[in-house]
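Look at the two complexes coming up: subunit A is in both, with subunit B in one and subunit C in the other.
Here is the complex of A and B:
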């Protein structure tokens, strides 16, 4: 356990440094974007007849630092705000701090994308095993081809296709949004049912879009493990099929956890096309909106969130390996 | 426990591999008898078909290969070539133990040795799993290892020599009395090699085994084997008691092989490599002697007729030239 604790401490320290670096970079990018949005905002407020002090305060609230003053001063203000989880105020959502706007959108992204990712991971991995075992037969061919096909089709094409099929051709699912306005939001059957109904298309589309990658990755991983000496050895020792199957599956799935961790990190980037097409107000939707509306504070916040999420996901993946792969575990013991 | 050691009779064994050029034989018409309680060594260069022959003892030739003809009759099991499915699976491990090359990773990297012993026990319906682990620990202890510690270790925590002993333990722990060792000392350092060979000899005697050792290293067979069979191009070209074959080789290939060994004392130039290369699956001749291209004694008949394996007392040699000399 101390090994894991020491590992975790190291990771956290590195993670925090990385987040600070990314925050610094995004600060200077926002500050140096042609047209200087911060100064522009300040000018605009002045033109609207605000006093310089009031305009300064309003701009500072919005971006987290004063429009005038040295770059260094602005930077320290911004970073100090960061430590208070203050990312400034969104222009497009007047009066709402960026953090709460992000939090609201995250609600609509995390669960559906998480569900979609886990669903496609589960199905893809299981199908990948079959695709590998039956790789010289028709079933294997079919599975591999279905994987390549779904992997190759762009997400937005898939989303449009799914939308056309299930809302127009066979209209069994709602067009977009998060829930029917008929229902009172809250913990009641009607609302939750409507939530699930509305989430189905985005979740299934997301799952289909990533399923192809999983099945292909798992197939090649299983094929590699099947060729390993210890599988033949287990066979020659007369091990049961079910046990050999477990040997193969456990060894083959290991490298996939890295990819899974990364996709879970990307979760906070939202599924941009899918959310846009199904009009689902998640993080991807928000990101697009912030770019279109030049809402720099929101944009910076969204990027920072994605960065942090990926870093955290990587840390979790690494800790996870420490638990499931004995080689990683003792490697640490040896070097410590 | 002596008396349990099974005899093995391999007869007319032919193993073919499917290639784009059709099915080609890797082992052709091999006859070999393993007397109960003996250690037999098979020597051959890589590609001679010796590993394929070893796998045939478990009816485990891997696709695209298959046993095309012949029989492998093991006492207590019958002809394993006819075994299928569950019958075959249960024979593996329980009746015939197989030890992999030391350099190969024959253990699941994610599980401790002990857990894999348990998997083995469950696969073979062993009821007393506690007893099985105890046997495993004792076997490892017998081979000079700290049994409890090794059972608690993963593969990556063991050295090559330790892994090989674990491999031997796994082959024996279910009480198999026929053991096949495929290149048991390859990739081990000299001291570990000597150690493993000593263990093989001792365990063989103590447990009353019939043992088959496959190797490319004549030194290994000289050390452990009672009988020696020399393989070339998928054929057994010579076999007999180890001392006799090494001391007085008859087949020109065996002679060349022994001449190629550098001596510790004397001129290094005395060791002469055999000119030419061994045939591969695609270059092995369809008719006639497989060795003729490298043979000093080549005759016309060698191009057209397969030399039959002829017994001369204890020795069996497959060579036209030897036959001519013996009869002349």
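Here is the complex of A and C:
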């Protein structure tokens, strides 16, 4: 068995145990949140002027989808279902399996968050290198300050600001949704253009919110590498600046790849506020909705998916590092 | 690094291009007969969140059947002040209600067809009634002894159905219960009910284990029905579902609809929302042609009014909000304390702050919304104590309750401090504003007060029912049916339950009795049981209801289980930039979806 295979097996075993532990903890936390979702829905409909009998009709059916039995029975059913990838049935989407509701929402989270993460990573890394190299100049100061500023602004503040500017003050972007329904879905310019148009605000906001972290991390990493002996040796040997720059970039980016892999773990749960503010129907949006409506099965499923993604991302980050950093690989082989 | 830079530049270019583009060709919006064509944009105010995977199923709360557009009922209930049995035509063209409410004979629209070209028949209605039995309907209830339940459904001919009421526990709302029924196509939905369904229904009306089993089987069918997903939408309404994504739904005109010639829009677009803020933004930007009632603060309302074409229609909304007391807790068990507080609170000021557009300050506490109160109580309404702000009277009441005033502050009878703790759910901005205003008024009058917010509405309802709060807000006066009006004050929350027409009362603090009022009270020298009187309202005629309503109004006014703060106003937002012909102010159409206005032929394209 190779070093990587051994590591993978160990990680997977630990990951499965962690997922089961998290599933158990989240099950009991979720089931112990107080509040009656059916009564709340009923009263809300009354407030909106619906007659009591119509409100009763509209909510009565929800009772059929609430979990039954003692808490322990519910738990054993839930865990047994987990091994069959059955997370139960949603109350707010009556009759729909939680897995399909999550699957439908997940695609609207993964694409924008992935695009936003990669965009911010690329821009942040490049700007981080410049900020480090030009750290004594005005450009370096400007880049570092912009990074600190954006890193310090909470995601939801940025989202509100972007929304106010581009949907109200200069209304050039849509206020929500995934695509204009008037366009026939498919591989056509109109529909794809509409998809991109609707994703622009969530993606750009996510990228801006993450950009600060990347630029600061990259700058710090580059500055550290610049002080390493091998850079001094390269300079003394008279190597060209472009080659030295490549040495610096390759070594400085290594820790950032780890952070990137971990960030990808947040693909499913990283944009809750952004989705809510931009009315973008992804997982974060679904999670808030499930909490408000006490949709236990959906809440549990969403938490589990987010947790599992983070655990998997951790495993991948670790393996990835083993692959890309020869020092780690050789160290392990030596100890093996 | 060059490659990285190129990728970033490409992504940036894509984003900018996308941001500036309105590329592609939308689906056809050509105009057609019936008032001009065009796209009608709206939201479903009763159902936040569009579920792209939801079926075109009117029984599914997340289904993509939109009431009045592609989901039809036999008839549409009018927003009448006092009569629950007033309707506009839907699938039914006309109806005849027996004078004693024992039966209703329904005539269907003669020329109505489903969108696949098949005629709408009495068999469709019969199947839909069968489905209604599985959904917890009022007229089609399987609970033994339920008030206003149907006894028989008879298909008279292809276009006529007769439904008779079980007169052992009749209800004046029977006709409403029948006509307020969804109609689904039997040729699509026929498979959802088993062949022996009607035999099962007959068995469920008996007693014993077999009847219980039949009832369980019928209830279980309800879950199957709401998950039923027709391959495509087949509608007898003015529109058919074309497609849906997580943010929007598109409906197109149904040319088979009986009144298609008078249906103006060619297309209807439903927009997704999850909170009021999104609806406000849509309204401010003038995107919506119609939105139902949405509470909005004054500054937001001003911005909405400034949007070109905005037209706000107001009318009767049979809901009021009351400041409710938990009478199991001291000093709220003392009526003089409740009266004293009523004299201290300036309801006009509270309403002005909390709900300037969506409410009118309650004239007094009668348990009835002000408008129908005049109809039900007549001149007697003026005899009720109005509880106008009067600090002197408040002081007198507090003294009668034995409260003590020390250094300008009121304390309990034993001298211990008294603080009025009001609770509201987080996010209910109007209720929180009202409680903050009341707090200010009370503190100024020497009554210590505080406002506590709890996480959300489900938690609030659970805790108020468990008797955890001293004072909270509670919706009352749900009209127009008299029973609905008073069951909020003298129903389960105050200890009375109505099972098969028999009224029972639970001890304060038990079985959901969190208000904890007395079982019997004296009104004009006569001892009454408010819960029993409320139960009677379920079956009596309007004329018979009036003296009972008066007794209950007097009981509520003298005992103040709640202080009625404001009566809600039904506020509808429309925009006349693209369409006109919306209902007038105070119209009895205001609680119906705009799809009903459209199908009745009222809405026309703006010239």
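As a working rule, the second predicted complex is superposed on the first by the 287 of 336 C-alpha atoms of A that agree within 3 Å, B and C clash if a C-alpha of one lies under 4 Å from a C-alpha of the other, contacts with A are read in each partner's own complex, and residues count from 1 in each chain.
Just so we're on the same page, a contact is a pair of C-beta atoms (placed from the backbone, for glycine too) under 8 Å apart; a residue touches a chain by one contact, two chains touch by 3 or more.
This is a predicted model, so every value here is computed, not measured.
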{"item": "First, second, both or neither for A:152, with subunit B first and subunit C second", "value": "neither"}
{"item": "Partner chain(s) touched by A:238 [first = subunit B, second = subunit C, both, neither]", "value": "first"}
{"item": "Partner chain in contact with A:227 - subunit B first, subunit C second, else both or neither", "value": "neither"}
{"item": "First (subunit B), second (subunit C), both or neither touched by A:325", "value": "first"}
{"item": "Partner chain(s) touched by A:186 [first = subunit B, second = subunit C, both, neither]", "value": "neither"}
{"item": "First (subunit B), second (subunit C), both or neither touched by A:247", "value": "first"}
{"item": "Which superposed partner A:203 touches (first subunit B, second subunit C, both, neither)", "value": "second"}
{"item": "Greater subunit A contact set [subunit C / subunit B]", "value": "C"}
{"item": "Subunit B versus subunit C as contact partner of A:40, first or second or both or neither", "value": "second"}
{"item": "Sites on subunit C touched by subunit A in the complex", "value": "1, 4-5, 7-8, 11, 14-15, 17-27, 29, 39, 45-46, 49-54, 59-62, 77, 84, 135-138, 173, 176-177, 180, 219, 222-223, 226-227, 243-250, 267, 269, 271-274, 278, 281-282, 284-285, 287, 292-293, 317-319, 455-463, 465, 475, 478, 481, 484, 487, 568, 570, 591"}
{"item": "Residues of subunit A touching subunit B in the complex", "value": "228-230, 232-240, 243, 247, 250-251, 254, 324-327, 330"}
{"item": "Footprint of subunit C on subunit A - complex, ascending", "value": "34-37, 39-40, 43-54, 56-62, 64-65, 92-96, 100-101, 104-105, 108, 115, 118-119, 122-123, 125-126, 129, 166-168, 171-173, 175-185, 188-194, 196-200, 203-204, 245, 249, 276, 279-281, 285, 288-289, 292-294"}
{"item": "Subunit A contact footprint on subunit B (complex, rising order)", "value": "55, 58, 60, 62, 89-94, 98, 100, 104-112, 119-120, 122-124, 154, 156-157, 170-171"}
